[in-house]
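In what follows, chain A forms one complex with chain B and a second complex with chain C.
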Partner chain A sequence: MHLEIQSERNGSGGSVVLAGRFDAHEAEPVLTSLTALLADGVSTIGLDLSRVDFIDSTGLAVLTRVMKRARESGGDLVLVAPSTPVRVILELTALDKAFVVSEVGPDIAVGH
Partner chain B sequence: MSAAVNRLDGGDVLAETAPSFDLPSQLDQLERYRHWATTPLKVDPVLSVVIPAYNETQRILPTIGAVVSHVCSLEPSWELIISDDGSSDGTRRIVRELGLVNLKVVETPTNTGKGGAVRRGVQAARGEFILFADADQATPIEQLELLLGPVKTGEADIAVGSRRAGGADVRGRSLGRRILSDGLRRLVKLGFGLSHGDTQCGFKLFSRDAAERLFAVQRIDGFSFDLELLYIASRVGLRVVDVPVRWFDSPGSTVNGGRDTLLFLVDLGRIRLNEALGRYRDPGHGRRNQEGT
Partner chain C sequence: MHAQPSVAAGDRMPAAFERVREALVELSRVWIESGAESVLIDDGKGCHTVAGSATSDSIRLEARLDAFDPPARLIVAGIDSEYARSRLEADARLLDGLAVARTQLSNTTAALVEANDQALAFYHLATGTSSSLSVADIVDHLAEEARGLTGAPAVAICVPSLPDTLCGDREFARVLVDLVRDGVGTESGMVRRHSSGLNHDVLIVPIGHEQPGRLILAGPAGGRIHTPTQKLAAAIAGHLGGLLKLARTHQRELADAMLRHDVEAASMLAGQVLPRRSPTVPGLDVHARNQPARLASGDYFTWTMTERGLIFAVGDVSGKGLPAALVMTMLATATTAAAHRDRTGNPAHILAEINADVYEYLSDSGVFVTTAVCSWEPRSGVVSVVNAGHSPVLTVRRGQVEPVPPHVPPLGVLPCVDAEVASFRLEVNDMLLLGSDGLVEQENADGMQYGQDRLAEAVVRSGTTTAVGLVDELFALLQSHSGDEPQDDDRTLLVVRRTREAP
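Presenting the complex of A and B:
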C-alpha cells in the first residue's frame, strides 16, 4: 500500500484525505471509500489531494466516475488543494475544467 | 565537457547535493512550470529528459505532468523529449497538442523497440545531462536528484537507477518478475562480467559526453539495449554508479516474460557478435586522439 486514505463523515458532508501515490493499484480502495460515503447519503465530498504526489489515468478515471455519481444525486466531488503535480496533471488532461477545485480544507469546501 | 549552467534566475540548483534541495512553494512551482511551458529556451539546456513512448495515450499525460512539475521546480533550463516509437494510438498527437514549447516530439513511422526510441531521443537531446525515464513513472521523477548528484560532481559518467542496490524501495514487483530478473542478472554477470545488480531499470542518467560516445555505437533496438549500453560503457572505461531508487510496479507493463527472455538471450548473442566485429569502438577515443595530434 503506497497511498494513505482517511475518510470522515460530517453530517451530510464527507471528507477524504489521500496521501501518497494514487495509481491503478490504489483505485479500488479509493473508489470503495468514496462510494461508501455516497451510499451513506453524503452528497458532496471534499477530497484533499494536497499530499498526493502522482495520479495516473486510472486514478483520474476513479475521480471522474465518483464526480459523475455525486452530481447525479445533486452533490459533487470537490478536489481540495491539489498538489502541484496533481494540478498540472489535471491541466494537461483538461480535467481541471471538469472538476470543482477548492483551495480550502475538505470540510470547509463542502460547507461544514 | 563543461557543465554550462544557464539558469534563468542565475543560481545553480543542480550543484546542490540531493538531500539539500529546497523545493519552492507550490505557487512558485506552478509559476516556474507556466514559464517553462510558454517560454522557449534561448540556449542549450542543462538537462534533457527523454521518455520513450509506444501507444501510451493512457499513461503519457500523467507522466508528463509529474515530470514537468517536478523538474521545473529544480531547474528552469531543461527540455523534455518524447521519443515516440511509431505509436498507432494517437500518442504523438495528444503530446503535440499540449503546446509545451520546450517539449519536443521525436518520431519514427514504424515501431522499432525501446532501444531505438531511447537512442533517437538521446541523439536529439541538447542537455549537458541526459536522463531517460520510462513512460509509466515506475521510478518516480523525484529520484532524479539522486542520479544527478554523482554525474554532476564528476564522480560518475553514468548513474543507473537500481532496484537491487542497498536502500532501494521496490513495491509491487511480482514473484515471477523477481525470479526472471534474478536469472537474467546471473546470466549477465556470467557472460559479460557486469556486476550491476539491475541493468534493466528504465531510469538512467548520462553526462553528455558519455551519451554521445555510447549512443553513437549502440545498436540494439529492443529492451536489451540497457545491457548493451552498460557493456559498452565498461569497455570504453566510462564510470558507472548504481543508485538505489524507489520503484513501483506499474499496471499495463508491456513486459512479456517468455517472449522477452527469449529476445534477451538472442540479444546477448548479438552483443557478443557486435563486439567480435569491432562495432563498439569508442568514437570519443578516436576523436580525442585526432584532437591531440
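Presenting the complex of A and C:
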C-alpha cells in the first residue's frame, strides 16, 4: 500500500494532505515534504490525516519531529481531522496531549 | 536351411552382455552355420536366445562365463562333439577376455574424462582465482594470457575504475589505448593497419556485457590479425568479463558478510543491556521477557533495587531493528541510572529525570520512547505507576484486569513531563503487567490483531501462579494467534506478582 502526499502553500501557512498507510516506508517522503515547507518559511502546517488508515510509531515519530521543529520557529504542526485509527493511536500514546488536534479543514486551520 | 542368427526383439540381451554383443552375435552365427539349433546365454536369472531356436529336449553343451557378475553360461543346443565342446570352451574364454577388456577400457575412459575435467577445473582455479585475487590481479593475469596466446606485441586492457593495464611493449600498448581514447571511429572491432597509422592492425574487443571495458591488441608489424586471433581475443575478453563479474560479486558478498557480522554483533551487545536474572524481592515474584522482531529489539525492561524499594520499567523506542536498539540501550541505562539516583521513590520524579537526560538525544535522533516506570514500596505494598504513552499497562486485582492509561506523551516529545502517578495496593496474587504494543498488535493470517481484550481474558483465565509461568503462557498464546505470520514488532512483557511472603 502507498501513501499519497499533497502539499500546498498558502501565505505563511501550508497544508499537507496524507492519504493511505503511513508507516516506516513512507517516513522519509513525508518528512521531506513537511520540512521543505518549514525551510520555505512556512511556520504553521495543517496536516490532514482524515484519509490515513494506518500509522505506526515511525510515522508518529516523524510528526513529533516536525512539530518540534515548527514550534522552535514559533509555528506549529496542527493535526487536522485525524481518522479513527489515527485518533485511537494518538490517545493510546497520549500524543493527543502533545499535538494541537483540530477538527476543521487544513485551509481554515492554517489561517490562525 | 539353417535358421538365421538373430536376437529376438522381445528377448532382450541382458545388460551385462551389451559390452560383448557384437562378438556374441557373430560367434552365434558361426555356431548356427556349423549345425547348432540355437545359441543361448544364461545370466543366472534365465535363458536368453541369442540365435536360432531349440526344442526343450535338444542336447545342450554349456561353458561357464566367469567374467560376468553373477557368473553366466554360454549354451549351444542341438550339437555335440569333442570338437564342439572344446570350441565352446574357447568361445567362452574369448567372451570372458573381451568382457574384461571392455570393462577396463570403459573405466579408463571414465577416469580420463574425470582427470581432464579436473585439469580443466584446476586451470580455471589457477587462472581465475577470482575469490582470492583482486580485480587488478585478474586483469593483469588475463593481459599476459592474451599476449602469450595471440603473440601480440602489445596488449592493453581498459576497465572502468582501474588504471589501464599494459603488457608486452608497454609504450606501444599506451599508444593503442590513446588510439582508442582519441576515437579512431570505432568502439570495437578491427582497425586495419592502413587506417590505424601504426603499420599494425589493432583489434578492440569489448569486455563482458555490463562493463564498458576494452581489450586492445596489436597485430604483427606489417601483418594482419587473422580470424583465429580474433576469436581467441573474443574468448579471452569474454572470460575476463565473467571473472570480473565474479570478483565483484565476491567482493560485494564479502562486504555484505562483514556488515551482517557487525549487525549481529551489535544486536547481541545491545540485547545484553537487559537484565538476565529476575530480581529477588521478598513479597514479589518478578519476571520479564523480550522477543525481538528482528535481530535487535527497540523494547527494553529494567529493574533496580533501591533503599526505598524496587524500581522497574518497560519501554519501547519508536521504529524497529538495530537503530531502535541503539536508542534502547541508552534508555535502559538512563532509566537504571535515574532509579539509582532517586531518593524519593516517586516514579513521576524518575520519569522527569530520564526525560531531562535523554530529551535532546531523542530530538536529534528523531525518535520518541514510550515507557511505564513503576516503584514498589515493600512496607506499604503499594505500587506506583507513571505511564508516558505506553501500552499495554494492566493491573490485575482480585481477578479484575484494568488498564493504566497514559497521562503524558512519550519521552522525547515534550521538553518537560509532569506525570500523574497511579498508585495501588497489591494484595496477594494481584499483578501488574507491563507489555509492549508488539504484544497486542500482532496480527494473524486474517489481519486480526491479538488485542488488549484477548490479552486481558488470557490473564484472567490463566491457571498459572508464577510470573514466569504467566509470561510463558502469554507468549505461547500469542504465538498460536500469529501462526505462520511473521512477528510484526518486538514483544516485551514484565509481570510483577504479589506473593504470600512477607516483604
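Please note the rule applied: the second predicted complex is superposed on the first by the 110 of 112 C-alpha atoms of A that agree within 3 Å, B and C clash if a C-alpha of one lies under 4 Å from a C-alpha of the other, contacts with A are read in each partner's own complex, and residues count from 1 in each chain.
Definition applied: a residue touches a chain if its C-beta (ideal position, glycine included) is under 8 Å from a C-beta of that chain, and two chains touch if they have at least 3 such contacts.
If you're wondering where the values come from, they're calculated on a predicted model, not measured in any experiment.
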(request) Sticking to the clash and touch definitions up top, decide whether chain B and chain C on chain A clash or fit. (result) clash
(request) Tell me which of chain B and chain C touches more residues of chain A. (result) B
(request) State whether A:Ser83 touches chain B only (first), chain C only (second), both chains, or neither. (result) first
(request) State whether A:Lys68 touches chain B only (first), chain C only (second), both chains, or neither. (result) second
(request) Please work out whether A:His2 is in contact with chain B alone, chain C alone, both, or neither, and reply first, second, both or neither. (result) first
(message) After the superposition on A, what does A:Phe54 contact: first (chain B), second (chain C), both or neither?
(response) first
(message) Just to be sure I read the superposition right, which of the two partners does A:Arg21 touch: chain B = first, chain C = second, or both, or neither?
(response) first
(request) Would you check which partner chain A:Lys97 touches, where first means chain B only, second means chain C only, and both and neither mean what they say? (result) second
(message) Out of 112-120, 148-156 or 238-246, where does chain B collide with chain C after the chain A superposition?
(response) 112-120
(request) Starting from the residues of chain A touching chain B, keep only those that also touch chain C in the other complex, and list them. (result) 24, 57-58, 60, 92-93
(request) Over in the complex, which chain C residues touch chain A? Could you list them? (result) 316, 318-320, 363, 366-368, 370, 387-391, 405-410, 412-414, 437
(message) If we count contacts the way the header does, which residues on chain B are in touch with chain A in the complex?
(response) 26, 29-30, 33, 58-59, 61-62, 64-66, 68-70, 73, 98, 137, 140, 142, 171-172, 248-252
(message) Per the contact definition, I'd like the list of chain A residues that touch chain C in the complex.
(response) 24, 57-58, 60-62, 64-65, 68, 92-95, 97-98
(message) If we count contacts the way the header does, which residues on chain A are in touch with chain B in the complex?
(response) 2, 21, 23-25, 53-60, 83-93
